[in-house]
Amino acid sequence: MQFDSFADALEMAGHGPYVWSVYAVALLVIVGLLVIPQVRKQRIMRDTLGQIKRREREEAERASGT
Amino acid sequence: MSLATGLLRRQLLLAARRPAQVLSPLIFFAMVVMLFPLGLGPDPRQLAEFAPGVFWIIALLSTLMAAEDMFRSDYEDGSLEQLVLMPSPLFISCLVYAFAHWLLTGLPLLLMAPLFALMLQMPTSALGVLLVSLMLGTAVLSLVSSIGAALTVSVRRGGVLLSLLVLPLYVPVLIFGSGAVAAAADGLSAQAHLLILAGMLSLAVALAPFACAAGVRISVDAG
Amino acid sequence: MWSFFHKLGSPPWMYRISGTILTWLLPVTIVLLAWGAIWGLLYAPEDFRQGNSYRIIYIHVPASAISLAGYYVMAIAGATSLIWKMKMADIAMRCAAPIGAAFTFLGLLSGAIWGKPTWGTYWVWDARVTSMLVLFFLYVGVLALYEAWDDEALGAKAAAVLSLVGTVNIPIIYKSVDWWFSLHQPATIKFTEAPSMHMDMFQPLLLMIVAFYCLFTCSLLLSMRSEILRRESTTGWVRKLLLGEGAGAV
Amino acid sequence: MAALLSVANLNLERGGRSLFRDFSLSIERGELVQLAGENGTGKTTLLRYLAGLSSHSGAGELVRSECSQLYLGHKPAVKTLLSPRENLQWYCQGFGFSEEKIDSALELVGLYGYEEVASRTLSAGQLRRVALARVFLGDADLYLLDEPFTSIDARGVALLSAHLSERVNAGAAVVCTSHQPIPVDIPLRRVELGESV
Amino acid sequence: MSLATGLLRRQLLLAARRPAQVLSPLIFFAMVVMLFPLGLGPDPRQLAEFAPGVFWIIALLSTLMAAEDMFRSDYEDGSLEQLVLMPSPLFISCLVYAFAHWLLTGLPLLLMAPLFALMLQMPTSALGVLLVSLMLGTAVLSLVSSIGAALTVSVRRGGVLLSLLVLPLYVPVLIFGSGAVAAAADGLSAQAHLLILAGMLSLAVALAPFACAAGVRISVDAG
Amino acid sequence: MAALLSVANLNLERGGRSLFRDFSLSIERGELVQLAGENGTGKTTLLRYLAGLSSHSGAGELVRSECSQLYLGHKPAVKTLLSPRENLQWYCQGFGFSEEKIDSALELVGLYGYEEVASRTLSAGQLRRVALARVFLGDADLYLLDEPFTSIDARGVALLSAHLSERVNAGAAVVCTSHQPIPVDIPLRRVELGESV
């Protein structure tokens, strides 16, 4: 460990704001890259499932109707 | 009033039909800014000296590029005929067209200006003057270009000539605009330049919509 | 060989195999990223000239390195889909574009922030900075072109053509920007100090580079999976998949 | 009852060709007028003149009584970037109509389900139908329609004709150019152009 | 062959009928050149130093302004469909489109260049290099723009999008073009630059028409 | 005699809507086919697919025998800045027709006296006539015409129909969409679209 305390690590001898902001943005980007596709996939699966069920219900209704 | 807001909403909708289109102008400006170091060399001192000119070149470019389209598609698909037939005065609609044009060309430039000033190493002390002069100047450019656009939208011989007459009106804006920024960058007062720009703007707001409305009528009349 | 190609082009196979890969690659990626970041942030020694600001390198260099590689991944996928009309390549290209753009953006932003403590300014028109900016613009162009079309299939074709044109141009652009800079700049700012890097500083960097490559792959596979599902939503295998696994998952 | 619109001693010329000489026409409430004539005889030019869109090409005495007018030209005045609904919204705002009827008008012209798509993805006939939906948005006293049946299928032609004859029965006047016969069962006044010249 | 000459003749006829469109990039160029000394102050040495870069940047932007219209009206009125159906290979037609574009933007620029060089106090010794570099460079720009124009023609309001696509591709031309002129102005040999520009031109002639033809086909497919 | 053009198992979709499923059509020499159907059923889409202009939206087996084809779409492909003659000249050069017939073709479609004016000053019908003049420039084996009668007056409709039936009798094939009946006295094959879907 290069730093004596938590405050020290935040401060980084004056360079803290720069370093931490870069890491914060990086974290955001990384999380975005991993989470956005998953959220999209969940949504697509939900929509598709809904479509499939609707279609099958309609088909069943048509079959029973005639 | 409802016509004006409705028209403004429509113009912005047309421009923003796709999300990318709202961001595109910003990126486009950034690209043009990039051309200057590539053409002039990366020396920061040199760039800073040239920076005021860069902004005004971009302002002129984007105004000219967008001006041609201001009425064209409306003319071609017949919307302009309907606009002329609408009950409210045509000059108000013209003012809205110019305002929408400014929102789509002048305003994005204004928003990006601080970033570009940074990239071109302009002294931060000149930033205020840069923004004010850009705001006034691009508004005048939009209003003036609406006249030319209205006249050239239907292809008629006279239209070209008249629009050429309008072009020199851009020149004073560019002179006083870049003059203001250069003065501020040199630490001088830019008040006189800005006042003149403001004067031009009031003149343009007062007169351009009427000239533009007349142009639209002539163009629609041509079928 | 051909059968492998054939499999690559088959959505259900790709969906299944990418799922398998992700089950172990995703945890590995996260561990590598966390390990590298903590090592770089807290344990790597201070640089004697740049002080702590150099810790940005662990984000900056991996992101910058990936951005160019990402463009080529995208362009090769584009070429494959244009020439062999392979569905999967089309999907890969669509998914690689925003990911590559994100890395490029991260590289630019981290570099700019790093510039303030080291160069005293956020922005310098240096050869590498400028080429990176051009690369970012190339990505934005491909994304914007995709987005501009109503018809997805056509938008994909157009974007593939553009990315191919970009591929021919990138080496020319890079070379010319290099040359431009060396012509104008009597080397007042030099920031490539890599060779003299201390081993203790270098190891976390290597780790982060590997982690970022894994991250790129993970993100690509994840978005490809959702894209596959979307495009195949009317097929039988998706129906089976969703009705089998869907009950619990949704 | 005074004429809704009348024109007398009209001389119209386009591109150096004289189209009408001393032409007169008067349109009363409750009339359905079909302007007929071969291609290029001046139907569109006349209609635009009556609508007040082109004054320079003609010299005559145009008298218009206070009334609301609806003009639909050759050009559809539909923005292809906007959806049908957005197009009609702007139309309503511009002419001061209420926006409530938009959905029913779109449904009437057979665009149910297409309200939100970009108009550039519509077929030729569907695009014309967006333009025609204006006729169903609000009632006007005077309709000036330039070939409203272009690209419209038989069912659409019947629908529009029925609406127009209803409006005529309610006291409006319709002036309409068309190369096809207009399928209405009310009296139709045919004005043949291009014969006298 | 008869197709190529026929197409060229048609393109030039169309341009002659719509002079405002052809003139507006040139006017942009002229205005910026005129304003340039005003913004920077009249110091001739400085002017001359900036001149090559500015010259090339403006050349780039004015080429860009005209590029948007390359295929647009043909797409909108259906002529592009017929072009695709014509028996001769599409890439030849694309080459002709680019050539016509160059005749209408690059060539006028070339003709006006001596005048502008004078206004910017460029040393006359650099004039030859300026002209040769402009000739090679603007030809590359026209070819590259044709690709972008073909890819964006079916996209309404493609102007800014087109800029986004092609401006990055313009960068090498800008660098070597302004480099050549700057070298000549400094009394150095510009041969290497010009050779590289010539190389880029041959590459562009060999590849761009095919990419452009692919773009046209995709756009026509979109209906 | 083998079919001039045939398509089998065609699936076409636009904007996410499926227009045709397993559609098959085969066109022989000497046939006049009218594609009919309501607005938006896919006539234009099908015709463009048959012409080879849009491949992406459909998947099917298109077989075309070696023959010369003439396609006229909704869009007239007439440059309004050029005169009718200049328009046809370029068309002849592009397709390798002789330019001799231009004047007679223009006269046939009733544009005598308008050869040299800018096409933008033509009336709507006259502009369409410039496009239609192409049909009279040279003989093709296969005509694909999308609503050729739009904006055309009765005399023009008769003229074009007569020419088309003459061509059909000479062994060519015509595929034509139209919402109006086509006034010919040769057998007409009507293909009704949009029913089966």
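The chains carry the letters A, B, C, D, E and F, assigned in the order they are written, with residues numbered from 1 in each.
Basically, a contact is a pair of C-beta atoms (placed from the backbone, for glycine too) under 8 Å apart; a residue touches a chain by one contact, two chains touch by 3 or more.
Remember, predicted model here, so these are calculated numbers, not experimental data.
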{"item": "Least hop count linking subunit B to subunit D through chains in contact", "value": "1"}
{"item": "Neighbouring chains common to subunit A and subunit C, by label", "value": "none"}
{"item": "Most widely separated chain from subunit F, with each centre as the mean of CA atoms", "value": "A"}
{"item": "Chain centre separation (subunit A, subunit D; CA means) in Å", "value": "54"}
{"item": "Geometric centre distance via CA averages, subunit E-subunit D, whole Å", "value": "45"}
{"item": "Centroid spacing, where centroids are CA-atom means, of subunit C and subunit F in whole angstrom", "value": "49"}
{"item": "Centroid distance [mean C-alpha coordinates] between subunit C and subunit B, Å", "value": "37"}
{"item": "Residue list for subunit A, restricted to those that touch at least two other chains", "value": "none"}
{"item": "Per-residue multi-chain contacts in subunit D, two or more chains", "value": "74, 80-81, 118, 120-121"}
{"item": "Overlap residues in subunit B, where contacts from two or more other chains coincide", "value": "14, 17, 20-21, 24, 27, 31, 38, 41, 73, 76, 155"}
{"item": "Subunit F residues within the subunit D interface of the complex", "value": "14-15, 37-40, 42, 44, 74, 110, 114, 117, 121-126, 129, 147, 150-157, 179-180"}
{"item": "Contact footprint of subunit D on subunit E as seen in their complex", "value": "156-157"}
{"item": "Touching residues on subunit C, where the partner in the complex is subunit B", "value": "121-126, 130, 133-134, 137, 140, 143-144, 147-148, 177, 180-181, 184-185"}
{"item": "Subunit B contact footprint on subunit D (complex, rising order)", "value": "45, 48, 51-57, 69, 71, 73-82, 86, 89-91, 93-96, 118"}
{"item": "Residues of subunit E touching subunit F in the complex", "value": "2-3, 5-7, 9-10, 13-14, 17-18, 73-74, 76-79, 81-88, 220-223"}
